[in-house]
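The data blocks that follow each hold one structure.
Next come two complexes, and both contain chain A; in the first it sits with chain B, in the second with chain C.
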Partner chain A sequence: MSRWIEKNLKWVFPAPAVIFIVVMMAFPILYTAWISLTEWSMSATEPPKFVGLQNYINLLGKDHRFWMSVWRTFYFTGLALAGETLLGLVLAVMLNRDFPGKNLLKTLFLLPMVATPVAIGMVWLLMFEPTIGYLNHVLKVLHLPQSLWLASEGSALPSLVLVDVWQWTPMMALIILAGLVSMPSDPFEAAEVDGASAWQTFWHVTLPMLRPTIGMAVILRSIDALKTFDIIYSMTQGGPNYSTETLNLYGYNLGFGYFYMGSASSLLMVFFAIVMGVVIFMNWARKGALS
Partner chain B sequence: MKGIRRSLAVGLTLVMAASLVLTGCAGRTEEKPTTTTPAASDPAKKPFEGVEIRFLASQHPWTETLKKDIAQFEAQTGMKVNMEVLAENNLTQKLTVELTAGTGTVDVFMQRPLQEAKQFEKNGWYADLNAFVKDSKKTPAEWDVNDFHKGPMQVETVNGKLVGIPLITEQEILYYRKDLFAEKNIKVPTTMAELEAAAKALHDPNKDFYGIVMRGQGNPAVTQFSSFLYSMGGDFIKDGKFAMDSPEALKALKIYGNLLGKYGPPGVLNMQWQQASALFAQGKAGMWVDANSLYLNVTAPDKSTIGDKVGFAMFPAGDKGVAPYSVTSWGISIAKSSKKQDAAWEFVKWASSKEMVLKTQSAGNPSARSSAWNNADGTKSWPKEWVEVAKKSGEVGKPADRPLVINVGKARDLVGEMITAAITDKDLENVVKDRNVKLNELLAEENK
Partner chain C sequence: MNPRRKVHPAMNVLYIAGLVLFFVAFMFPFAWMIISSFKTQAEILTMPPKWIFTPTFKNYVEVFEGQEFLMYMLNSFLIAVGATLAALVLGLPAAYAIARRRMPSLGFTILVARIVPGITFLIPWFMLFSRLKMVDTLPALILTHMLVTMPFVVWVMIPFFEGIPGDLIDAARVDGCTEQYAFMRVVLPISGPGIITGSIMAFVFSWNNFMFSMILTGVHTKTLPVAIFNFLSYSEVNWGGLMAAAVIITLPVLVLALVTQKYIVRGLTAGAVKG
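Showing the complex of A and B:
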């Protein structure tokens, strides 16, 4: 036995990981793909009924709510990502200098990231409350126009983006900061010798060198942002009037609100393809930028 | 190389198969029925010694009351009750997942018969309780099935099968601020016109005070809108078809939307009962219309700043008189996949016994048992006015507060879209027409 293991060492060691991935990831995906071709209300007495591609045809062809949720998913992700990258870059550059209390500040930065999303949702829900909430109170004291925040179709999704930016900017900042710290110092010295201004140095030296780091951070964050579920579910459940219903929320509603397991699965398969597409595109864009 | 590959394939398959078999077996041995037959030969031994059942419950004042007595039940029967308490949406989701798996992990659970009974029954998740209720060996005569109100028992019966025992009933009522009504000399509204007049008189948005608050989030608002619909002479479904485009329904929608749109708080579109009751309890609204079973949320001193100033009144009359809903909001059921159904029934029987129902009812949970309502103890801890309103509402009430289709979730969303359009006053007629067609499509699909 031990000789056999010795002989097949390179197969034996990764085996647990391979098995884990097959059982926990490949199987659910294949199962979802199968369910997406059926009509099933999760019944124990009626087995799933095979309907071919009908769920996909309905979803892609006729379902207005689906296309709206696709649009909202991208809107949410795009807006959140832009805010997080920009603010994260600014924060990282600021944190890259030496000042007293820097490490303490870095630790404090992590707090929104480690907090439980549902708890974050509940707290922000109270702050957003138009009548008794804190945000409108502050706006009132400052004599600024108040907002309905989550309670109006127009402002609900941007309000959720605000929460996402608050929660995830620190992560972007930390990744970018790591990139800044690991930079060699000679290009900066060369720029200084050539008499470049601070802005020129940042634009022509720092930023190009940071590109791979930012690119990686953006990919990681965009996958996560596309999938956002918990804060939206805990704050609006997709409302008011579906104005915050992203793909994930709609999938949840189809599955657990309406018991349309087939449609929900087909939506998830489409969603899966979208996330894959985004990742492939971003990777390609990143590589293109590098070469 | 080939050899390696082959042995790899064999090895992987073996390991995988082994792990599957092992986990499968482990699961199965756990589920093995742990002697569910009462040990009749030895009277000293407790009938369900060593049996463990799992009870998935909803977060509700009823659950809190029951919990205190479970230890006593365990001592009597020797059973162990593992209770898990979840918020209602999470409960549905958890039930859905576990009952679909069908591995018998859930024995007893709470359910909302109007929302879920048809779907759950269609999915084959309920054990038929008639098998227990009608068996005199399992259910003694003093449990008395005839003591339960007829309406709730009907709601818990799907295709002749008794799917649950009704636990909690509720009616829609009007909560109002006694102090402000006296101060401004406003009469407690008894008609829709008076309701609007009162809301108008109380409304003072410059001081952050609003005439009336109700649920404004589409789907959750449907149940509270139903009483408006009935009182105006409408119904969700008439003669086997959705009738939300009838003049009566349209009128009811306009009344509901107008009240919230003109005299409601900002942000009402994102309000379920939790937000609405909180606003009323914070002294920011003059009236609140919702289920009477939620009254502790606005009267209990730890939850409300205006607890002693809350008045209770009948739901106001519409064109066709007073017709609030009077429904069974929660029942208790046994899972068909449970392998310990006898023990589960023992627990359900105890939780819905005359004695326990009297106890939970006197703690503030209106029940479906006549004996509890006829017993003075059953209502003595409640506000007198509240009891009176509940009794009168029960007499005239309608037995449903939502469209009774299989896919209640979807139907509620569609009616909810009409309510949203009514509140925002956007294109109401067209939305109603369009959604009513969709509702009828849903109905046709279900009757196929």
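Showing the complex of A and C:
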């Protein structure tokens, strides 16, 4: 028996995990794909009715709310990633230097990304509050125009981006810092011998060497940013007037708000395809940039 | 950058100011959460804010008596521990096989679980668990959370197992024990740091999970993130209570992160640096 296990270890060891993945992931994806071809409301007693590609035609052809949610998903992800990469790079460079208390500081910067997003959402809700929130108070003290933050359609999504940037900039910084620390010192010595300024060294030596690290970090972060749910749902539920409804939120509302399981499933399949597409495209772009 | 380069004193001031700015910006929400949790509703509604006030514990008392908060804490804890242990049982052998028998496509399949939007599974899960009468039970919650925790354990452990010298395993096998025995007795005992990293991250992800729990929990299995969200639905927001609840929910993970920071850094940056 144990000899048999050893001989087939390649299959025996991963088997429980594979069975789990099939039951909990592969089967649900196929089931969702099937439901997406039917018209079905879970609140009704009738079984799902096969309608072919009708849900997809409705979604892609007629549903303005869907296209708006696609746009918001990319807007949110793009803005958040730009902010996180830029600030993360600055923070990483600042932390790549010895000073007293550096380790404590690095540890504290971990906190935003491990803190429970829903709870943090509640704290930001209080800070964003237009009349009693601290952020407007700070703007007032600085004699800057105040904002309605989450309460207005125009500023709600950028406000949520701000929360995402707060949560995830430290992760970018730590990944980039790990890349900085592991760099060989020769190119820097060469640059110094050549009389390059600090800025030139950073631009022409450090940054190109960091590119693979940043690329990988951006891919990892976009996977999660495209799927952001917790902070958005807990703070705005997609409002006001759908102005923060991303794909994930719209899918959730269709499925568990209105119980339109057929339309919700077709949206989820498209959402899945978009996330996959982005990952494949970015990975391809990263490999292209490296070679 | 080269640390030995001579820096202009003005740059130094700028550098320190920048660092302080970063620090204040990133720590402020935590400070605000803690301060507000000790204020009365009237004090919270006062702007400009009072920095000196008599702290009240009323909010905390309310949180623990008003809702069944202790039960929610226990639910969150049991689900997170269950989902973490189960992820180790399934994930460790799988990661070992992927690492030592070179099965990257299997590794990729498991990692797809990290890429697929979790919401894609919710409709089938809800159907399945309704039919099995498992909605609002701990096993259902643990099973769904495992889809988050298990891929993460595999993700962290593959490079770790790859780094263990093959000679070590071969030596054990020369002594006559099977590979699975060597895995149990030789590989796992020296894999402590990797297992700790994977477990901490798995625990945190499960503890923080909101979406799966919101659909699949009910009165019996409600978890903390769902409970605090329900707190909001009152007509007038009780800010003090909300902040006290936020402190209670985040404190365990924050303390865990502070105590085990070097493992967390490894976990969060896993896969990115080696690329």
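Keep this in mind: the second predicted complex is superposed on the first by the 288 of 291 C-alpha atoms of A that agree within 3 Å, B and C clash if a C-alpha of one lies under 4 Å from a C-alpha of the other, contacts with A are read in each partner's own complex, and residues count from 1 in each chain.
Quick note on the criterion: a contact is a pair of C-beta atoms (placed from the backbone, for glycine too) under 8 Å apart; a residue touches a chain by one contact, two chains touch by 3 or more.
The shown structure was predicted, so the numbers you read here are calculated from the model rather than taken from an experiment.
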{"item": "Touching partner for A:Leu89 - first (chain B), second (chain C), both, neither", "value": "neither"}
{"item": "First, second, both or neither for A:Leu157, with chain B first and chain C second", "value": "neither"}
{"item": "Chain B versus chain C as contact partner of A:Leu81, first or second or both or neither", "value": "neither"}
{"item": "Chain B versus chain C as contact partner of A:Thr131, first or second or both or neither", "value": "both"}
{"item": "First (chain B), second (chain C), both or neither touched by A:Ala225", "value": "neither"}
{"item": "First, second, both or neither for A:Val18, with chain B first and chain C second", "value": "both"}
{"item": "Which partner, chain B or chain C, touches more chain A residues", "value": "C"}
{"item": "Which of chain B and chain C A:Leu59 touches, first, second, both or neither", "value": "neither"}
{"item": "Contacts of A:Leu37 with chain B and chain C, given as first, second, both or neither", "value": "neither"}
{"item": "Partner chain(s) touched by A:Leu9 [first = chain B, second = chain C, both, neither]", "value": "second"}
{"item": "Contacts on chain A seen with chain B and repeated with chain C across the two complexes", "value": "12, 18, 131-132, 256"}
{"item": "Partner chain A, residues of chain C touching it in the complex", "value": "1-3, 5, 15, 18-19, 22-23, 25-27, 29-30, 32-33, 36, 44-49, 89-91, 93-94, 96-98, 101, 103, 106, 109-110, 112-125, 127-128, 143-144, 146-147, 150, 154, 178-181, 183, 204, 207-208, 210-211, 215, 224-225, 228-229, 231-232, 239, 242-243, 245-246, 249-250, 253-254, 256-258, 261, 264-265, 268-269, 271-273, 275"}
{"item": "Residue numbers on chain A that touch chain C, as the complex places them", "value": "2-3, 5-6, 9-10, 12-14, 16-18, 20-21, 24-25, 27-29, 31-32, 35, 90-91, 93-94, 96-98, 105-120, 122-127, 131-134, 136-137, 141, 166, 169-171, 174-175, 178-180, 182, 185, 188-189, 192, 198, 201-202, 206, 212-213, 215-217, 220, 223, 226-227, 229-230, 233-234, 248, 251-252, 255-256, 261, 264-265, 268-269, 271-272, 275-276, 279"}
{"item": "Chain A residues touching chain B - in the complex, by the definition given at the top", "value": "4, 7-8, 11-12, 15, 18-19, 22-23, 41-46, 129-132, 148-153, 156, 236-237, 239-241, 253, 256-259"}
{"item": "Sites on chain B touched by chain A in the complex", "value": "4, 7-8, 11-12, 15-16, 19, 92-93, 96, 99-100, 102, 119, 122-125, 208, 210, 216-219, 265-271, 275, 278-279, 282, 284, 336-337, 407, 409-410, 413, 417, 420, 424"}
